[in-house]
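I have a structure I would like to understand better, so I am pasting it below and will then ask my questions one at a time.
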Amino acid sequence: MIPRYSRPEMVKIWEPESRFRIWLEIEAHATDALSELGVVPKEAAKAIWEKGSFEVERIDEIEAEVRHDVIAFLTNVAEHVGDPARFMHQGMTSSDVLDTCLSVQLSRAALILLDDIDKLLAVLKRRAFEYKMTPTIGRSHGIHAEPTTFGLKMAEAYAEFKRNRDRLEAARKDIATCAISGAVGTFANIDPRVEAHVAKEMGLNVEPVSTQVIPRDRHAMFFATLGVIASSIERIAIEVRHLQRTEVLEAEEYFAPGQKGSSAMPHKRNPVLTENLTGLSRLVRGYVTPALEDVALWHERDISHSSVERMIGPDATVTLDFALARLTNVMDKLLVYPERMQRNLDRMGGLIHSQRVLLALTQAGISREVAYRLVQRNAMKVWESDGTISLLELLKADPEVTLSDEKLEALFDLGYHLKHVDTIFERVFKD
Amino acid sequence: MIPRYSRPEMVKIWEPESRFRIWLEIEAHATDALSELGVVPKEAAKAIWEKGSFEVERIDEIEAEVRHDVIAFLTNVAEHVGDPARFMHQGMTSSDVLDTCLSVQLSRAALILLDDIDKLLAVLKRRAFEYKMTPTIGRSHGIHAEPTTFGLKMAEAYAEFKRNRDRLEAARKDIATCAISGAVGTFANIDPRVEAHVAKEMGLNVEPVSTQVIPRDRHAMFFATLGVIASSIERIAIEVRHLQRTEVLEAEEYFAPGQKGSSAMPHKRNPVLTENLTGLSRLVRGYVTPALEDVALWHERDISHSSVERMIGPDATVTLDFALARLTNVMDKLLVYPERMQRNLDRMGGLIHSQRVLLALTQAGISREVAYRLVQRNAMKVWESDGTISLLELLKADPEVTLSDEKLEALFDLGYHLKHVDTIFERVFKD
Amino acid sequence: MIPRYSRPEMVKIWEPESRFRIWLEIEAHATDALSELGVVPKEAAKAIWEKGSFEVERIDEIEAEVRHDVIAFLTNVAEHVGDPARFMHQGMTSSDVLDTCLSVQLSRAALILLDDIDKLLAVLKRRAFEYKMTPTIGRSHGIHAEPTTFGLKMAEAYAEFKRNRDRLEAARKDIATCAISGAVGTFANIDPRVEAHVAKEMGLNVEPVSTQVIPRDRHAMFFATLGVIASSIERIAIEVRHLQRTEVLEAEEYFAPGQKGSSAMPHKRNPVLTENLTGLSRLVRGYVTPALEDVALWHERDISHSSVERMIGPDATVTLDFALARLTNVMDKLLVYPERMQRNLDRMGGLIHSQRVLLALTQAGISREVAYRLVQRNAMKVWESDGTISLLELLKADPEVTLSDEKLEALFDLGYHLKHVDTIFERVFKD
Amino acid sequence: MIPRYSRPEMVKIWEPESRFRIWLEIEAHATDALSELGVVPKEAAKAIWEKGSFEVERIDEIEAEVRHDVIAFLTNVAEHVGDPARFMHQGMTSSDVLDTCLSVQLSRAALILLDDIDKLLAVLKRRAFEYKMTPTIGRSHGIHAEPTTFGLKMAEAYAEFKRNRDRLEAARKDIATCAISGAVGTFANIDPRVEAHVAKEMGLNVEPVSTQVIPRDRHAMFFATLGVIASSIERIAIEVRHLQRTEVLEAEEYFAPGQKGSSAMPHKRNPVLTENLTGLSRLVRGYVTPALEDVALWHERDISHSSVERMIGPDATVTLDFALARLTNVMDKLLVYPERMQRNLDRMGGLIHSQRVLLALTQAGISREVAYRLVQRNAMKVWESDGTISLLELLKADPEVTLSDEKLEALFDLGYHLKHVDTIFERVFKD
């Protein structure tokens, strides 16, 4: 997490101020529940809500001495609350506060990410319909294959991020649990109803069984899901980078007036945003393995996960938030060049229609094997001419190709490839 | 995937025979649909079902020449079917067959894995109830904390694998899609109704929008989920390894008569199965990153994912299947030593009750800070005596500890820690 | 490791036959040393060399009963050697045999990989000199930058694999150690001179201090190095894939007569080998993390590394061997199209000379800022014309551009960019 | 990189101030060389050295407009230097500055890390000799095996970090290269002698052949090496965590007066530093894969590596520096309990001598198979008694054990296991 790749709203979630604020809420809600149960005086709970406060610097100061962040926090809050503070944290263990807080933070982070995805989906949908019927060459292996439309490319991205939205929603639910269960999860010193109350107030589910901590398979699943989303970002980013290549140039990142592409070469307009997204994706993916390694804590917990989460909690969510917003911006402003798409479609001398000819030949009674050889031998000539020879003309001239000229010409129709675009759009954008 | 860590049912899914069998079914169903649509003769579809067959060796032979596996397969099938074979694969592209087949394979693999998890859950549930009230020391940081029960440890494992079951079920649905959409996903040469028919017959959903291939975010999510499950296996494995340590020895892997723990040291009984599970978990986790890197294919597809999936498809599912079965076996036969658990509980001179004393002191009106210092100064003496001095006796003798001897004695009660076990079990095993 | 991506020589290293053969050599050499030291009779050592033998199936059979591979092996060898067999393995522990054997296997694998790299280097060098002065456009961000030569691209690859060769040589030395130090590495039951003798005979160094096993940081470093090499393979593979793109087509994988690029589209010639190499690189990289996770074994050893190594030992070395050989083959036969390179160089209307104009302007006394704006404003016009307008003509016509027409023309000289190619080649190919 | 896990010296390397300082030095040295070659006036070089300066905030301000960091920097420096500034950066490209700067930063970071390792080695050596002959049980699989010494454990750690030092030294050399080769590495606009001069002045080697950038296999190797070192840290950390377990307690992290182990349980003393090191190791390992993915840049460069390096450059080096220093501190102050080691050695009723009895029996003429069974059957009784029965007494009483009581007693001698400690220490600490 560095300022260059951060947005304030997500950063805020991870600031000490926010963390301690959540801690205070958890402690206050817990004391409420304890007072309801008659374990602590009602006044104690009231005092915490009314006078409970903290100062980040003071907590740091105390922590430097006691070397324990939750104790430092409680000590500082007690300085504000006074005597009733001793009823705070009754029967709880530090992890009850820390882990429930992390659930709140990750859950809030997920909500921002979900919102990011929604914005991206809206842009993708708009661009999809904008270019729904704009023909462009489909490429497999980087080689011209058959025509598709630019709108379909957008629709694919839309569908992919729709899936990612569902996955993130599931991961958010997975992570949004509350544990207030004491030192080893037995509720020895605290009633389970306290947990239920805090969970409800903090918008979380109750963790059915915890040790000292919330089990880390939940967090692993969360970060793994972010890794999948990052990989989808990379896919779109690489598509844009390909389309912007000098020789292709079917689309281009928006280039701001005053922007400089290169300190040395004034002519350059580079897809630097999507290249950046490629790198950011690698970063978010890189956080998956440490999160997976955190699952196997020893016995009722060891604290090895903590340093990992202090880093990747902010790093993964802040980076992914930034990347989603950047991708949304790129796709929103993407310069799209339909004429260039058409020119590229035309440049291979009609090779992109080879399959259709193949099918027509087999339907005319020629075996698939023979038909394939017939088409391939003409296609290779076009290929080697770099598209300057026309496949249609070669086929017409080939005595073994038994189709009439009219039939052959009809096979070279672009519209043929677009007839099911509506069907696909209906599937993708049905809701 | 090596025989040592493989089970036949899962291996079978990945054998050439199985793959080609699925291919043939896909082609035959597709031809059915094509004949329904009047694109190919009904007899062609019938001929494929009746005479369609293949030989793995013959396919390999043809592939060595044409260097294309699907063409080799089609050629071989045509040798059986004869002339009607030319109506097979009409308008389809290789990936239609390959990707739909992979969906079938991964979906079937997931069903086996779900069954594996069900068996594991059954064993964990049985052991949980068997030791529901068996006290054992809970450990945080590897250090004695407070009592819990061995049944609760099992319940935690149960809940964790319940979650993993849900995740795998979701991943299975994610992966179980069918694409028969042609060279770049436009259905140019094939009607979408063919796809719908094949999907239904093969037990898959229709892929709403594909390129030449089914999008790889689905596969990434699948393998990432396996990585999470593997990490949970590692957690249980490490728990067993810890419990079997010479100095702890609260549980032990079953040791077969005739088994040798060491070629050199005849006295050894080692937790080799759970150590093995630890290694297998690393392997399955290692397959996550390549799967994530597969997402960003170029344009409408490149084939870089193929070699990855040829390896990790079998490797990840076969290894995880083996690991789940091994873990189930370990937990089923695990030797559990309640007396030893009790002995370990007793060895720290009552230190494990320190928190309860702390709470009782604060409730008796002493500030948390002072109470902590009071308990800690006595606890450290017990600690340094290695549990030979009794915390209870020290507290009784401490003039600043104002609680009566009766009250203090009551605080050292093990039952106190087990009072909510029922509640937790109800939460975990409610369905 | 699957046949499709395997070569026999490397596979052989990992076959049971090879492993047991190495075990037998280790045991025989150790018995030699023991007999020299008078610990066992000379006849015993002689008997092992003369009668020592094994059958893989028989070992498997015994292992099924005793569940310990080294004991199974020793039992089988004893069936051949008879009574003197009891002097075999004296004071040794299984890991002495297993780990030393793994060192031999990885060291031999490294030698094959070094040989693979040497072959690749030879091809790269040849192609480098073949196209040393063949101009081609250099691209940053996928966008035309300035001219370079195709030979320089080859020289870069050569230099990169030269570095990889050095790294692999270092990794090989790191892994090539022998430990015959007994159950916990203390030589309690075996003289260190036995280790020294076996090390010498097996071509290994002595491990200065071992536990029960050779420390796994050595293996981690080995597999990490393979991961770096795989990433370099990916770099070259992606370069080829880019060059073969339809719109670029400056180079192409060799396309065999009779080969089919697509089952559906007879016109296709796809860079499938380099796409395959991209995937294989992901696989080899994926084995790095499990190897790193193997380092932290518990105390004097646990066996969690074993399953990892049984898989990634063969998988990583066999896959990398195959990939290096495939890359060598691709580069050896790569079809290179200098005319097309020239055509691509020419297509941007001279934009690639923009930097040189910028420099000339600043040297003529214009500030860098102003010069940059002058060149950029003309360059953007060329850019937007898709290279149909000439930058040279625009600059000539720009009244603020104070350079004479002759001077401007001289700035658009391709040879200017190639003047230091010799220097670079001397640096790269100096030895 | 977060303050909690950072040390100022390493952090400083990565601060904007340091980065721009290095940029300025590179530019100034380059201008020196250019002036020597007569390309720019001598006064220009002089002016840069004398008046060259920058302000971080001003650069940020300019970058917000031009969106290019190097251009922003040059503009700001020009504000100080005035007119001669236009001779700065002549013929160079941004990457010449950026990449050479990164080499300087990583090289300096490596020097700090090497120093960290030296300090760790000094501590490990001291502790090794301090406990050279202190017997402790060696454990394989977490189970008592045979005696070793605590000094040997330290010697193993020493040898492992000695290897890591060598690896890091190699990685530092690998990364310490300078490229001033222009837009695509051809030196079109800049003389190679400029590069040679800057390299020499900045303490770097000349990159033999670069594209626009220094090839990223160098950086990949660097970060992979950090990942190996982190894994070694984890190994030692886990050893300490194991030794501190309540039931083992052979060593313990230093526990400061005033420190609190748990907010809830006043009796706790937890190995939190080594648990923290375990987590930090996961983080450093996690940065390896993104670095490997950075290698395959497109053509002469794309900028996807940049965001990765902006994060993991600081993150990996700062975290590893912190971790090495923390490990050094832990090992320096580690509380070691030889009496407890002896008590643990004694607790298994002499089982740890089982191998020696086995060997004595075979040397007395009994077959290995029979001897193994004889020892195992007695050993299992001791095992099941939890060490309360003595193996020696059982063996004396076993009629089939033909060794005399005196011989048997001699086999249970601890000194027997320590006789080669000197030899091992000589190997490890020879230099």
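To keep things simple, chains are lettered A, B, C and D as they appear, and every chain counts its residues starting from 1.
By our rule, a contact is a pair of C-beta atoms (placed from the backbone, for glycine too) under 8 Å apart; a residue touches a chain by one contact, two chains touch by 3 or more.
Since the structure is predicted, the reported quantities are computational estimates derived from the model, not experimental observations.
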Touching both subunit A and subunit C (chains): B, D
Type of subunit A:subunit B copy interface by residue overlap (half), same or different: same
Rounded Å distance between subunit A and subunit D, as computed from the means of their C-alpha atoms: 32
Intercentroid distance (Cα basis), subunit D paired with subunit C, Å: 24
Shared interface positions of subunit D, touching two or more other chains: 74, 89, 91, 139-142, 145-146, 182-183, 189, 241-242, 260, 262, 264-265, 270, 272, 275, 278, 285, 289, 293, 298, 302-303, 355
Chain-level touch network, classified as line, ring, star, complete or other: complete
Of subunit A, residues touching subunit B in the complex: 74-75, 78, 83, 85-87, 89-91, 138-142, 145-149, 152, 155-156, 159-160, 163-164, 167, 170, 174, 182-189, 192, 206, 208-212, 215-218, 220-221, 224-225, 227-228, 230-232, 234-235, 237-239, 242, 278, 281, 285, 288-289, 292-293, 295-303, 355-356, 359, 362, 367-369, 416-421, 423-424, 427-428
Residue numbers on subunit C that touch subunit A, as the complex places them: 137, 139-146, 241-242, 244-249, 260-262, 264-272, 275, 289, 293, 340, 344, 347-348, 351-352, 354-355, 358, 372, 375-376, 379-380, 382-383, 386, 391
Residue ranges of subunit D in contact with subunit A within the complex: 2, 4-5, 65-68, 70-71, 74, 89, 91-94, 182-183, 189, 241, 256, 258-260, 262-265, 270, 272, 275-276, 278-280, 282-283, 285-287, 289-290, 293-294, 298, 302-308, 310-312, 315, 319
